[in-house]
Amino acid sequence: MNYKNSFSVKAFFDYLREKRLMGVKCLNCKNLMIPPRLICTACKKANLEWFEFEGAGALETFTILHVAPTSLKDKAPYILGIVKLNEGPLITGRIIGVTSDKPKRIRIGMSVKADFIQESDSTILAFKPNN
Amino acid sequence: MLMNKVALIGAGMTRFHHSLHKDKSSRELFVEAFLECLDSVDKSISHKDIDALFISATASEFFEHQSHIACLLSDWTGLNPIPATRIEAACASSSAALEIGVFAIASGMYDIVLVGGVEKMTTLEVDEMTYALMSGLDHPYECILGVSNPGLYAMMANAYFEKYDSSWEELTSISIKNHHNASMNPKAHFQSEIMDIAKKISQKKGLKFDNEMDFLKSPTNPYIAHPLRLFDCSPVSDGASAILLASSKKAKKFTDTPVYVTGLGHTSGTMSLHDRRDLTSIPASVEAGNRAYKMAKIESKDIDFAMVHDCFTPAEIIATEDLGFFPRGEGGKAAIEGRTRINGEKSINTDGGLKAKGHPIAATGTAMSYEVWKQLRGEADKRQVNNAEIGLIHNVGASGGTAIVQIFRR
Amino acid sequence: MLMNKVALIGAGMTRFHHSLHKDKSSRELFVEAFLECLDSVDKSISHKDIDALFISATASEFFEHQSHIACLLSDWTGLNPIPATRIEAACASSSAALEIGVFAIASGMYDIVLVGGVEKMTTLEVDEMTYALMSGLDHPYECILGVSNPGLYAMMANAYFEKYDSSWEELTSISIKNHHNASMNPKAHFQSEIMDIAKKISQKKGLKFDNEMDFLKSPTNPYIAHPLRLFDCSPVSDGASAILLASSKKAKKFTDTPVYVTGLGHTSGTMSLHDRRDLTSIPASVEAGNRAYKMAKIESKDIDFAMVHDCFTPAEIIATEDLGFFPRGEGGKAAIEGRTRINGEKSINTDGGLKAKGHPIAATGTAMSYEVWKQLRGEADKRQVNNAEIGLIHNVGASGGTAIVQIFRR
Amino acid sequence: MNYKNSFSVKAFFDYLREKRLMGVKCLNCKNLMIPPRLICTACKKANLEWFEFEGAGALETFTILHVAPTSLKDKAPYILGIVKLNEGPLITGRIIGVTSDKPKRIRIGMSVKADFIQESDSTILAFKPNN
């Protein structure tokens, strides 16, 4: 077994800064995972390789955050969603390109694609509707 | 195996409240619950009878810059030098502590163990408190994005509405019922019906609300995380709760009416909400329930009453489905039809739930057991469930990364 | 009763280090220890064999804004949906987790349990880290005054010097020995003798040190909390450790050479140092030791080797006295005389101790058990204690609010 | 039993602001405790009354803190000590009136008395040598 791999939180964000949405693929059972893991969630083997997701998917659910934590107080209200990527896995992201004062405009099932926004010191995963 | 090996012989809790405990810190809150717990033991108990302490505080690091709190509380209760260990599993912390207390006794190591939890939350402003509790989520993959606990349950609610063609109106049945139950609970944070609160506000602000729905839909009930509004959320409360556990052999020395632990279920879910394929259920709750039923050798229909984790209103609906009380998609309808009120088909959150009784995070699990203790001993006063014989508690950590179900009988 | 009911069947840990794990967070560190732990099981083990998880992180709230970490690690190890609970008792957290793992198995609830701890410390600057770890002290009565962990042990050291007419020079025997032991431990943070470090520094800075004492007395070894200097303190390290426990019945299925848990002792002391009448001993350690000896049915003289809590050099001296290895006031002299070196009269901190192996807080307790595991199985290589049959670990929370002693035999 | 007493952390600091060093006395066994507790450490009864300590005592031990937490970085090095009060109990305080560059001048056993210093928003218990 190889313990010394780099499927780390840091690597995910390093890739995100390069506008790449990276997860892993299990070399044993082909299971796709994002964010990257060190052990396959399906077959429990630690035999993985990087896998790049296209970033396209459909909105599985969402919320509009009105009461925000300290660091994001100025940004509220903002929208969050969970997106089902076309490759299968789901992931959480900020939803941009729709305004929070019209929640009816945000539809579960609408197709979205990944975007990468800069916030404070880090790159944040976001999704915006496909028009 | 473990079934009926351990019993509750005492229970105590502070009132849960946002301002009443302003001048108290965790240690004073917990001592208050502890003293009531000692007093509740029918045939009296003394310090030297207690062998160990498993205590929870969920985020005392942020609220009071205090960790190592089990040691502190062992010292402040006068129980020092008994072993003292802090247990943390987010909002399910003190039910995890109770479970470990059961293991410790059943192992033969101890006869009597004190378990409980305390949370002093009101030291922080709402935005800071929101961030503190976000430490229970996946930091890089949820927290950094600004996902809060209400945000996660809001996303579950929207997924549920979509799947079952339901809407926010269904959720109000939960808060209305739980405020009603809390109005009969002297330990509850809120002790008034929603309409009473609405009337108070309307008098003060010169507004007028025709009925509960009129109030709940008004800007006086603002959005926290759409579709969830203020009255969909449990309040911020300070509080503590404590339970004394004893081996069933020793229990009779302290009380003629012990409450037995008959079922334990505890499972971990994925840390992130997005790692679950169906967002309208909490898989860890389903599995924890099944494990607890199996150990107790019963089915969900045998449960007379249950305290379920209603940190936000959709959580109660999902919980009553996950635990098998109602079919999928029908938890909200059951509440609307009154089937979950006290002495309805299944009495749910007789104490007012987290929503109205309050949710000082680490005090919540053993406060649920406190209500079960009261109910099974017939001491729940106006909230009493008739012929209460089997009670259940269901305690969830964050969005379902932890789920604990415990079953008790008299 | 509990004696010999539970055994260690596997052990793993990361190297402890301040820079090597720069790019890893808690989850990656713990998975690394976990995978080594799985690999260490002689007859192989798989995920589905493991029933539950008790994991410690002491101050992950400050280091990574992450609580609910047992759930996170259950998820990241792939062990989800097994129950996962976090255990905290300051610096004694993961030995408390091991103890609870033993209870859980002995209760009959589980057959195989994973315990361990992780601490990712290097995310903070030294002053912030100092403050984070001060949460383990009594916040209003110690922390606010600016008392740090080294400050508390410095006060114990001065009290000890006064009572036994001793001095700082005696302490250096501890750091010199522990660096020597760590130089033979591939998992240790420092893997070099103090004189080697002194030589490196002297080359770089153009200084010259005649011997260890010359170096240790120089400004290159600055004061942290007088009389303690940098080399009296354990370093800041990232790391994780994990232990697999099994019921003794099941253990043989996984290994022919299990390591049995024979003695458990755990007590709470006063939260504040000032609440103890004698500051030259840690009463909780004395009592925890006595309880562990009693359960294991042995005396201190029967211990072949011990990992004791040397977070600061005076702690090791006090520990060897508290555990009954040496008479009061003679712990330092024993070290100077070489009686605590490997294969001396009593081999103490064969792995280099917290001082030189490193002290990623919550990883420390089960890292001590890791060394006991290695020693009792004869796998400690150049550090091997001859005829090692009975090993002890001694893990202290903060200034002695918690003390845990555990005894193992092969 | 009376659960609703005020032997709290807050009360200790409220008194400290008034330059009063308050602990409690057990009405059952006469045990003196400082800081105040809610349950007697000796007889375990919750039957206490306030007790004012004079603030005089002897230095039991001390340290000079060189590496300070963030909030006190500017104050380092500073001195801390544990003082055995004349009434019996020990308590931790900042040691003032001696300079940290002369550790030899700080003697275990030297007699000290309480002082109350203002630091940030709170009153801190300090002790200074009797001259």
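Order as written gives the chain letters A, B, C and D; numbering starts at 1 within each chain.
Just so we're on the same page, a residue touches a chain if its C-beta (ideal position, glycine included) is under 8 Å from a C-beta of that chain, and two chains touch if they have at least 3 such contacts.
No experiment lies behind these values; they were computed from the predicted model shown.
Any chain touching chain A that also touches chain D appears here: B, C. Interface comparison, C-D versus B-D: the higher number of contacting C-beta pairs is recorded for C-D. Between chain C and chain D, the centres computed from C-alpha atoms are 31 Å apart. With centres defined as mean CA coordinates, chain C is found 38 Å away from chain A. Chain C has its Cα centroid 35 Å from the Cα centroid of chain B. Chain contacts: chain B has residues 25, 76, 80, 134, 140, 275 touching two or more partner chains. Listed for chain A are residues 9, 41, each touching two or more other chains. For chain A in complex with chain C, the touching residues are 1, 3-4, 6-11, 37-41, 44, 46. The touching residues of chain B, when paired with chain D in their complex, are 23-25, 27-28, 31-32, 35-36, 39, 46-47, 76-78, 80.
Only residues 1-2, 25, 52-53, 58-59, 61-62, 64-68, 70-72, 74-76, 79-90, 96, 99-100, 102-109, 134-140, 143, 264, 266-271, 275, 283-284, 287, 397-398, 401-402 of chain B touch chain C when the two sit together in their complex. Of all the residues in chain A, the ones that touch chain B in their complex are 9, 12-13, 35, 41, 60-73, 75, 77-78, 80-82, 90-94, 100, 103, 108-109, 122, 124-125.
Taken in their complex, chain C has these residues touching chain D: 125-128, 130-131, 134, 140-142, 144-148, 150-151, 154-156, 158-159, 162, 222-228, 272-277, 279.
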